[in-house]
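In the two assemblies presented below, subunit A is common to both, partnered first by subunit B and then by subunit C.
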Partner chain A sequence: MWTINRFPAIWLIPALLPVVLMTLYPVGYALWTSLHEVMILFPGEPFVGLENYRRVVASNYFQDALRNSLVFTALAAPSVVVIGTLIALFLQHGFFGSQVVRSVVLLPWVLPGAISAVLWVWVFHPSFGMLNGVLRSLGLIDAPIHWLTNPDTALTVVAIAHVWTQIPFAVVLMMAALSTINSETLEAASIDCPNPFKRFRYVIVPEIKSMIVVLLVYNALTAFTSYDLVYAMTGGGPGTATTLLSFQIWRESFSMYDFGAGSAVAFIVVVISAVLIVAITRALPSDLFASE
Partner chain B sequence: MRRRLHPAASFVFAALILLFTGGPVLLSLYGSLVPDRILFSRDRSILTEGPNFETYRYIFTGQLPDSYQQESANRAMISDAARQVPQSLVNSSLNALAAMALNLILGAPAAFVFARYIFPGKKLSFMYLILSPLVPAVALVTPIYMMLQWFGLLGTQLGIILVHTAKALPFTVLILSVFFRKIPAEIFEAAVLDHCSRFQTFFRIALPLALPSVGATGLFAFMISYSEYMFAMVLSGNAQTRPVSVVMAALARNTDVSWSLLNAGIFIAIVPTLVLVVLVWRFVVEGLLGGAVKG
Partner chain C sequence: MQLRKLLAVAALISGAAVVHPASSQDLTLEFVVWNYSLETVQDNVKQFEAANPGIKVNVTDYAWPDYQDSLILRIRGNTPTDIVYGGQDWLPAWGAAGFIAPLDSVAPDGAVAELSGDIAGFALTDVTYDGKVYGLPYYSDTISFIYNKKILEDAGIAVPTTWEEVTAAAEQLKAGGMDRPIIYEYNQELPNFYDAFVAQAYGRGAELFDADLNPLFADPENGAFKQLEWIADAYAKELVQSDNHESTIITAMNTGNHAFTIVYTYVLAALNDAATQPLAGQFALAPMPGDTHATLGFAKSYVVTAAAAADPARAEAAWKFVDFMAGKPYAVAKRWAVEKGLGFGQLPLFEDQEVIEAWGKWADVNALGEQASIAKAGTYTEFSSVWSAYFRPLLAQAMVGDASVDQVMKDGAQRWTELKEQFANR
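Our next item is the complex of A and B:
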């Protein structure tokens, strides 16, 4: 690590400028809006301080949405990292047909949320979905289970579909991290330590720790702000069972035309996301953010 | 890691992975090959009726499926939107390629200095990049719409490309800087001893050594753009320039569209993805893993 005495603008401006442009003005706009009463139907935009926040937090919809988003994140993010790591560890081994498996694993990656949504609605469809068909032919159920219209199962089902869409990215990055581990280290470890679980814990995990943190942070964020997949699958229902905070922003802004309240929810989401990131990076210290 | 797993264990695990990741896609292929009335019936299936390509024919040529003409066809509705699928694939691919190229050109130098140098403002600029994706896209839609309107980019491909580029850039920089950090410091020290300038170190040493990772990161940007929905929906223009995520969402929400037509649309949208996925493995991931994986 070397030192440069002044800010290396030529190197950084190309990357920073588009990001700043696409966030600074919009965030400033949203912050301003969240402190004013901005409704399309009423003229004037008077300053109302924290009134929007107070109103939003007091609403039952918001409390449901907050709880759903947190549960959804807690279900989805660790699952993606664990399943992704398991698949990556497995795919490192060669076996008959491993090329095919490696390609198929990437499939969910590029599908737009709306497509993934239709695929999974079909799997969980009560009358002609594959899952109920299989359960029925195995004799496990008599009547079809209404997975997506039952408030007890809907959130889990959409979380499964969400995990499915995020697995490929986790697998590729984890395989990349695994491949950078020195092969001599691994050979020495396999001689010294015959127990594969211990070997994983003490030899492999330290090497891939920063990747685990990256994936966990990334997936916590995607889950916490996820929108299109869940919306296309359930529209937030039944009731508010799968209403996430991102729908709440959309609902306040574009169906209630209360842009102040929508922006207030957006700001709360940003703050909670920041807390999530700090919590994850504190809980799992790694050299990712260290200056050396 | 060349050790082989027990064949039975690897077979079971591989089957589970295939079922989970590929199963829903196979179901959609099946659904596109049988008309709805067979899909809904208990005693008829693709085995008794044979595959039916009418929905594909409709999407590419506009010729109506025969089942559409029959009576009592359950939900056998068709929609013009399905015919936009082939063009939308081309649109999305072009957008995503442009966003990917821009991401690598703009992001790689930044990732390099973040990975190898200490400089004033490093922490602030890095944290800004990392924290910017926190802002939920829904909250940014209205102001970005107004901003693009102001620049006159509304409804243009360029507008979507720029927004997608900015959306993917933080991830590109973060991932690339992880990869640049993995290059042993001795190599860079040798470069300094040989009086390489920073530009030479970047172009002659860092970039070639990290090239497979750079490729993989670029594909990540490609995929962010290809599957992005919200901005694509708000910013896209007419039917000729609409990206695939928008067309498919419209099709999926339209409850009048028959399941087989919907599935045919989905499967056509998946085919370029299949090609891409194979290419990614062949040229990027295998290279990234440096021959450590043997099939």
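Our next item is the complex of A and C:
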């Protein structure tokens, strides 16, 4: 006799339906778009096979964007994890005003990316930026440094702003990980090993290794697909100095109205992101992704 | 009894409908703008609604940098849209894509031709595609070379008339302690960035394209090529400070740390606004340096969508709206000019005493008129906005020395030719 219990897969439909509608369909449509010449201002959408992929990979814009994205990720992801861990370790110790400091550390988290970008543009502005003002008053520079419009400094400046926005999340997760370490273990370690660096290396790190991997993967992906800060701070410039792949997706799609090329770049980003995740988890083995 | 009550209610409802017949005829136009001076836009809309009972106007605004892509997605998504702000660089593509309609298709016979006779030449070119007028000017302006009179007078420097003289003046000022005498609106994501470059090239008398729309600017003898070399040289000599928006250029120029800039002319009104700027009154425009002193003139316009034109009632209402905003007696264009310093395409306003008086507070009206008289329209095609988005980052690279002028110009010319062929084949 037919009963719904004999076909348990049916129970998965409510969960699978949103996934199909919200993820698989858009991804499938994007794949279709990447194989067609879809220029929103031109009529027709002819099939072009892999031509969009060939064209975007061959373009200087893509090559610059790929290089910038990799450099940006390499600068930002480890910095967020290291600084986030240091702040979390610091905040673990109770001190006068520590609650206030914890709240302040979380502030960048509540600011939208565009607001953060405006703040940082004002910090680095050559005429009335705070940083040049401080450097001048300390006698370290005679003339203002053009941080955001110099191709040699712009990417680093945007990376600094990005790291600032991502640190709070890292701090919260790392504090959670630190709080799970057995206090007796820490107490014993402080008796047996007076060197705090060795204690950190051999007692704390093994306990928080999974969280480090999570944070690295998360921040690598966040940095690799960062968009709003770049758009608001530099518009990808000067030239292509701060153009990241995510920005190039937008530029191809919404600035040059070539949705086929934009989708092709998006798919390349997906593939590279997957490679990044695998590379990080292999380089830093932890129990996190163990099957048992 | 029940039946009587029912009949009474039915009579009341039908009576109410008779008392308020307008509610069944009300029509709401969807008007899409970029977010410049929204309070004035809304007030103009209110005045239109008061003058045209039965027509309501709903205003939607998008940020200027995202305006075109937001609007295209809106129209492609079939979101009701009747009248939009149009830009000269976008108009041909919108026309070719069938997003917008010629004004003749919504206006009474002869009305557009009559108004066109009052529009400045470059502005009329900018609102025309394929021989048909698609818009009436919302505002029309030029790009100006602006300098600080006091700084030049104090340094004993004559107002430069060529780009070489600009370099010499900037070097003299730098030697006197001014770190970056030139401040440049450097935002490669904005169409202004390309417009400002074209205006400078026009000052040299350059043509960027021939009559068949073949690119000329990759020739080292072309004025555009020379101008990009000039900008790159000025950057290399550390004479130029970049700033990504006119609003911060206004602030920076008012620090007294910069002597020259190249911006939309209406920025001069803000620079010389005594109520907000400490150095107001020190700024003036000079003819664009170069052999011909020509500059780029352009028009932003009120444009009716094809969807509105296809519905007779909406088409009629849309024309009434466009005519109110940009037609005779040019009250709205005059308001923008007097209150905000925006330029206009309607020539009779140049003789309006109120406009002359208002503009005289921040500019030499004769100099403005002379500049407008030699301003030239840009070259705009169905694919020029796509190409401009490709070319602007290249320009930016060459300016800061991240790529050679020769390579950038060749790359830009090649992409133009590719797009031209691509569009011709579609």
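By definition in this document, the second predicted complex is superposed on the first by the 269 of 292 C-alpha atoms of A that agree within 3 Å, B and C clash if a C-alpha of one lies under 4 Å from a C-alpha of the other, contacts with A are read in each partner's own complex, and residues count from 1 in each chain.
The rule is simple: a contact is a pair of C-beta atoms (placed from the backbone, for glycine too) under 8 Å apart; a residue touches a chain by one contact, two chains touch by 3 or more.
Note that the structure is predicted; figures quoted are calculated from it, not measured.
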(request) Once the structures are superposed on A, label A:P43 by its partner contacts, choosing first (subunit B), second (subunit C), both or neither. (result) second
(request) For A:S137, select first, second, both or neither according to whether it touches subunit B, subunit C, the two together, or no partner. (result) neither
(message) For A:M22, using the defined touch cut-off, is the partner it touches subunit B, subunit C, both, or neither? Pick first, second, both or neither.
(response) first
(request) State whether A:N182 touches subunit B only (first), subunit C only (second), both chains, or neither. (result) neither
(message) For A:P151 in the superposed arrangement: first (subunit B), second (subunit C), both or neither?
(response) second
(request) Classify the contacts of A:P238 with the two partner chains as first (subunit B alone), second (subunit C alone), both, or neither. (result) second
(request) Give one of first, second, both or neither to describe whether A:F128 is in contact with subunit B, with subunit C, with both, or with none. (result) both
(message) I want to verify the contact counts: of subunit B and subunit C, which reaches more residues of subunit A?
(response) B
(message) Quick check for you: in the superposed arrangement, does A:I167 touch first (subunit B), second (subunit C), both or neither?
(response) first
(request) State which residues of subunit A lie in both footprints, the one left by subunit B and the one left by subunit C. (result) 128
(message) For a test of understanding, state which residues of subunit A touch subunit B in their complex under the given definition.
(response) 1-8, 10-12, 14-16, 18-23, 25-27, 29-30, 87, 90-120, 122-123, 128, 130, 164, 167-169, 172-173, 175-176, 178-180, 183, 186, 190, 210-211, 214, 218, 221, 225, 227-228, 232, 245-246, 249-250, 253, 259, 262-263, 266-267, 269-270, 273-274, 277, 288-289, 291-292
(request) Show which residues of subunit B lie in contact with subunit A when the two form their complex. (result) 1-5, 7, 10-11, 13-14, 17-18, 20-25, 27-28, 31, 39-40, 105-107, 109-113, 116-123, 125-126, 128-140, 142-144, 146-147, 162-163, 165-167, 169-175, 178-179, 182, 185, 192, 213, 216, 220, 223, 226-230, 244-245, 248-249, 251-253, 259, 262-263, 266, 269-270, 273-274, 276-278, 280-281, 285, 288-290, 292-295
(request) Spell out the residues on subunit C that touch subunit A in their complex, using ranges where they run on. (result) 66, 69, 72, 76, 93-94, 96-97, 179-180, 186-190, 238, 241-244, 248, 251-252, 255, 257, 382-383, 385-386, 389-390, 393-394, 396-403, 411, 422-423, 426
(message) Which residues of subunit A touch subunit C once you look at their complex with the stated criterion?
(response) 39-44, 60-61, 121, 125-128, 143-144, 146, 148-151, 231, 234-241, 243, 251, 254-258
